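In what follows, chain A forms one complex with chain B and a second complex with chain C.
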Partner chain A sequence: MAVSSSPLTAGSTRGPRKAGRRRTIGTGSWQGWLFVAPGLLGLILFVIAPLIGSLVLGFFNYSLIGGGTFTGFHNFVALVHDPLFLNSLVVTTIFVAVYTPLNILLSLSMALWLRTRLAGKAGLRVLFLIPALSPMVANAAVFRLILQQNGALNDALRMIGIGPIPWLSSGSWALTAIILVSLWQSFGYNMIVLSAGLDSISPDVIEAAKLDGAGSFRRLFSVTLPLLSPSVFFATVLTVIGSWQVFVQAYIITGGGPGQSTTTIVMYLYETAFSYDQLGYASAIAAALFVIIALTTLVQVWGQKKWVHYD
Partner chain B sequence: MTSSVHERPNVATRIALTWRTTKSRRRRSRSWLMVLNTTGAWIVGAIFALPLIWTFFTALKPANEVFERNITFIGSQVLWSNFVDAWNEINFGRLLVNSLAIASISTFFTIVVCTLTAFAFSRLRFRGRDTVFILFVLTLTLPSEIAIIPLFLGFDTLQLTDTWVALILPGLFGAFGTFLLRQFMLQVPVELEEAARIDGASTLRILWSVVIPLVRPAISVLAIFAFLGSWNAFLWPLIILSTQSKWTIPLGLAGFSSMTGTQWQLLMAGCILTIIPTIIVVSLSQRQLVAAIGAGAFGGR
Partner chain C sequence: MMLSLRVRQPRQPASAHGRVIRTLATGIAVGLAVSMSGCSAAGSATSGMSGKTVKMFTWVGNSDESAQWTAYINGGKLADPSLSVNFSGPAIGSYYTKLPTQLQGTDAPCIVTLQNGQLAPYVNALEPLDAYMKEKGVNVGDYDPSMIKQLSSGGHVYALPYDAEPMVVYYNKKLFAAAGVKAPALDWTTADFLAAAKKTTRNGVYGFAIGQGIGAVGNFLAANNENYVSNDGKADLSNAALETRFQWLIDLARVYKVSQPLEASGGTFPDIDEFGSGQAAMFINGTWDLVHEQGMIGAHNLGVAVVPSDNGQPHGSIAGTGYAMTKSCSDKKAAFAAIAAMTSSKSEQSVAKSRSQVPSRADSLGAWQSSVGPEAAAVVKVLTANGQVGATATNGNEINTLFTQYEVDGFSGKSTAAEVLKDVSAGLGQ
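Coming up: the complex of A and B.
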């Protein structure tokens, strides 16, 4: 990229409309580039180049020991026919489809509850936030113990006459367990996001609806929730992006099993690359994950017109 | 600021306001409804905390009582020595020092890089600024997993795998921190800088003496998140570090967890030791954290 060396050109390159809005110091152009250089260089070296590298590597048969040979679309064709990849795709899709709505529903309910009159709100907020900000490995290890066949959860359930549930030895229960642990761990984060959204709604609007005779249910569904929809949209988009990348919970609690029932896309990627040294094929998986995340994000951005209200 | 009371404040104002508000107003209403509501919410909170409480009590039990048939919180003996054993068995002291060092180095450089970049984006004019800024925007939602294989190969070529350099470097350039600081810096009145410039201050001097002191709340929040991000990281450390003496806490815990014949009471003690620092950080900085997360400054979970 060419760095402008003449200080005389500074400021003259910007359109007059924008220049009026942003307040900046009139300094030499080279100074701006100097300040931006470390961040930009890092971004190119450690974010953009690896991203392109990943897409390129997908076209190679590449291993640490054997080096690489160009194989064209072979990896991508193989991916579509790979039962293990398709399985990880199904597992992760179920996770995203079940976990995201439950997360939003739980965070929203708790955010609404914490707005009602009760003592110790700040304490509860901190409590719910702790697992979201502590190492996932520790959270997962805690649940690995609790979810054992003779663990505390089954003991508790037996007291009310349920179970024992094969949390870690049945495929569908294991995936359920991963979803529940993820909910426990992460909902506090979105609860804070949605609480902030609720705080920014003008009390006047709610008051006006009250004066017009709207009951509390009507106020919630016709006034509060539509006004909150931008925050819900924001939380949903980011939660979906994060959910596609689920890895640690499965890695620690189930190891991807029993069988392949909790092997997520990132876990399959990790094993393919670093247990089986198929780096080219794993890059094709990474590229597929990238496309999936980009597509689901775009679909949500298009779909938001139908339900997100910006005032 | 002249904004009306109910106008939705932007990220910077919201965090700044929360930072300054020290006394929260509480209306004391002693109606039974509120008592009931409070009780209900705290029961939910207690159920939510049960796994952690259980972990704590398990950590104090003798090994053969971890899987008692009936739920008992306190075993036949209360073994505080389990924490000492866990500390030695998992080599926790070493992991703690490593994690602290890595997280501190990461935090320091993240702040330096983000401050410089954010300053350029918010206060300096240069050709191509908007293009570069869009480049940053585009990387905001990129999942980091996509980059790991080329990154690994790059560091392998340079023979830097299994080093802290390779562990730390890729984590320093997230765009979220730059964004947060830029939002704040856009709020700094241009008059302050003009005055400093007339007095003959250099650009670097203006950044150091005028801008940075005014955006300190944002830098503190960024520091907390950079620290926690490094403290909690798992996938990249797992890939890049193979020598045990270089491991971080999550790696050590995972390694101990996967060992056959898991000593559960020691693993749980390790978990408690791991979570305690987070509890302290979250409790001490809850106002800033809640404001920053609420403002969407750090993406989702």
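Coming up: the complex of A and C.
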């Protein structure tokens, strides 16, 4: 009986532990925050803080060397009356409006083509992706030489009786050249995204459509594309965001010229900030661009309800 | 009990959320403070120094420029054997874009290099050198006065020049001989220049390669003693001489067909490329480019001539570079000692012999003349005797950026020179 007074027995007299009171790793919300802290800290330090800092700078006449003075909304008001900014807005809008559909169309066509019974399609997929993986600056520098009046492209066109085309002397042709180079550079990425989307479509669904008598066009437009729409939406959103930020191609190939015909918003921002040392005004441009991109993306997200099918 | 739990459960997360929000807010505040202080807190106990080595930020676009800075440092060691300077930086095309960021960084360099006309935007981050010059016995009168004027502000000297070099016409002797054109005389005129350009334009080679930017027009303005910038740095883009010279430059390409029309291009030097690859018989650049061009087309093949003027009596357009000291430099005495050594007679004479750069000190010109041969020496003598460092616009970077973009419209025939200048003018001051 003495055994009954053992610690074990004595312990048992305290009654059962309340399981709900026990704190275990992973049940409290602070542990969750701990896990996301590294990423969150990076987001705060490298995205949110600079974003707020940039917005604050927009209210100053600020230069790196000379410091700054508070000017209120002056920079933002000046933007509306700045013909160079308005021009860059038009140039970038044209770029977005032309480049985005062409990019999606080209990458979708290539993805569909590479889905057919084609010999060496894995190699072709890699080949088309290479431009997207290579540095834009290097590509742009090469294209600058190719696009010159006496460059390789005009030489090639001359052989088939075309041109010479003033790729770098005419405003409209220069913007066309920037769009074409951007397409060459970037369609491979979307092609891979859309290829993955196509691969995820169940063959059974396509087969069922065939059995129902749907032809190839009907299958494409009534089955494949609706099922691919989430991937198309994803690619479109990212492409539009990237398009608004186009910079390197114009900076390297044309320097924004002829005139202001290829001066995009980011290029104008860059010139304002680092060539003219007007960081406050450049920050106002950055804020305007942020709003434009946010609004465009919101419109796309709102519009997806009408054409994106997740089932 | 259950009720109690239900009431208390939401409170605990709410409290945790509150803490998290406070932590986030603190984090953002600290982050902003850190980022803002990073923008403004230039300078530290070791700023601009690496041990006893002085850090210099300059343009280093190729091996030739790297060799130039090494030559000045080695030359400086002849005057001060303890001199220790290391240098780094981007190509000249992006140098002035990156300089403000460097000057405001937590480890700003002690020495930066500035070309004439580039002092004004950076003067607030630079240390006046007058007191250091007095203490070390450096006499400002030893340096080219026009360069000193360009590197001074508010009555203070902010940089000491190491060179004062005129713009010259480089020509390809082989292409001239093949076209039956004599070497340009020291008093050749604009008409002579055009005649030479016409004759050498053959077999896919252009007579003259036009450089990008308003400086290309400025060369011909300076040769004719004209300028569109007032002494207080205000540019007059409606200046008649500027318009006339620019239209003539456009006509070289469009009317006389002796030059390749300029096309849109970002940050390149098409004239240097054309001349160096033998696609043009002439182009204009400073004498600092002499060694580079000798390397490109061969020393025996490279000729040097004055920039032509209408009356055959050209005025030289002098350009040069100086070493400036940053305010944030942690060892200003060491930095100035380095500047003094690199601009000393011994250093400049050494570099004049090894790299043919026209020194900024009158006492070193003899060494340069004996090293470059009679043709270049005679050309530089004419140009410096009648030369000056032209005034540059305070908003020169902005003007040049816009001019470079819009001038293409002139060369494509879309606009006249006057229209291009009007477009540039309209784009300024936004």
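A few notes on this one:
By our rule, the second predicted complex is superposed on the first by the 272 of 311 C-alpha atoms of A that agree within 3 Å, B and C clash if a C-alpha of one lies under 4 Å from a C-alpha of the other, contacts with A are read in each partner's own complex, and residues count from 1 in each chain.
What we mean here is this: a residue touches a chain if its C-beta (ideal position, glycine included) is under 8 Å from a C-beta of that chain, and two chains touch if they have at least 3 such contacts.
These numbers were taken from a predicted model, which means no experiment stands behind them.
Of the two partner chains, chain C is the only one touched by A:Glu271; chain B is not. Touch criterion met: A:Leu43 reaches chain B, while chain C stays clear of it. Using the contact criterion defined above for the overlaid structures, shared-chain residue A:Leu64 touches chain B and also reaches chain C. The partner that reaches more residues of chain A, of the two candidates chain B and chain C, is B. Judged by the touch definition given at the top, the superposed model places A:Ile252 against both chain B and chain C. Once the two complexes are overlaid on the shared chain, A:Gly53 sits against chain B and chain C alike. Contacts of A:Ala132 after superposition on the shared chain: chain B is touched, whereas chain C is not. Within the superposed three-chain model, A:Gln148 lies in touch with chain B and with chain C [touch as defined at top]. Judged by the touch definition given at the top, the superposed model places A:Trp33 against both chain B and chain C. Touching of chain A by both chain B and chain C, each in its own complex, is seen for residues 29-30, 33, 40, 48-50, 53, 64, 144, 148, 150, 251-252, 255, 274. Within the complex formed with chain A, the chain C residues making contact are 5, 13, 16-17, 19-20, 24, 27-28, 31-32, 34-36, 39-40, 96-98, 100-101, 103-104, 121-125, 260-261, 263-268, 395, 397-398, 401, 404-406, 408-409, 411-412, 414, 423, 426-427, 430.
Across the interface of their complex, chain C is touched by residues 20, 28-30, 33, 40-41, 44-45, 48-50, 52-53, 63-67, 78, 82-85, 144, 148-150, 166, 168-170, 174, 250-260, 262-263, 271, 274-277 of chain A. Against chain B, in their complex, chain A makes its touches with residues 1, 4, 9-11, 13-14, 22-27, 29-33, 35-36, 38-40, 42-43, 46-51, 53-54, 57, 64, 113-114, 116-120, 122-138, 141-146, 148, 150-152, 155-156, 159, 184, 186, 189-190, 192-193, 195-197, 199-200, 202-204, 234-235, 237-239, 241-242, 244-245, 247-248, 251-252, 255, 266, 269-270, 273-274, 279, 282-283, 286-287, 289-290, 293, 297. Listed in rising order, the residues of chain B touching chain A in the complex are 6, 8-9, 14, 24, 29, 33-34, 37-38, 41-42, 45, 48-49, 51-52, 54-55, 58, 66-67, 69-71, 112-114, 116-117, 119-129, 132, 135-136, 139, 141-143, 145-154, 156, 169-170, 172-173, 175, 178, 186, 190, 193-194, 197, 203, 206, 228, 231-232, 234-235, 239, 249-250, 253-254, 257-258, 264, 267-268, 270-271, 274-275, 278-279, 281-283, 286, 289-291, 293-296, 299-301.
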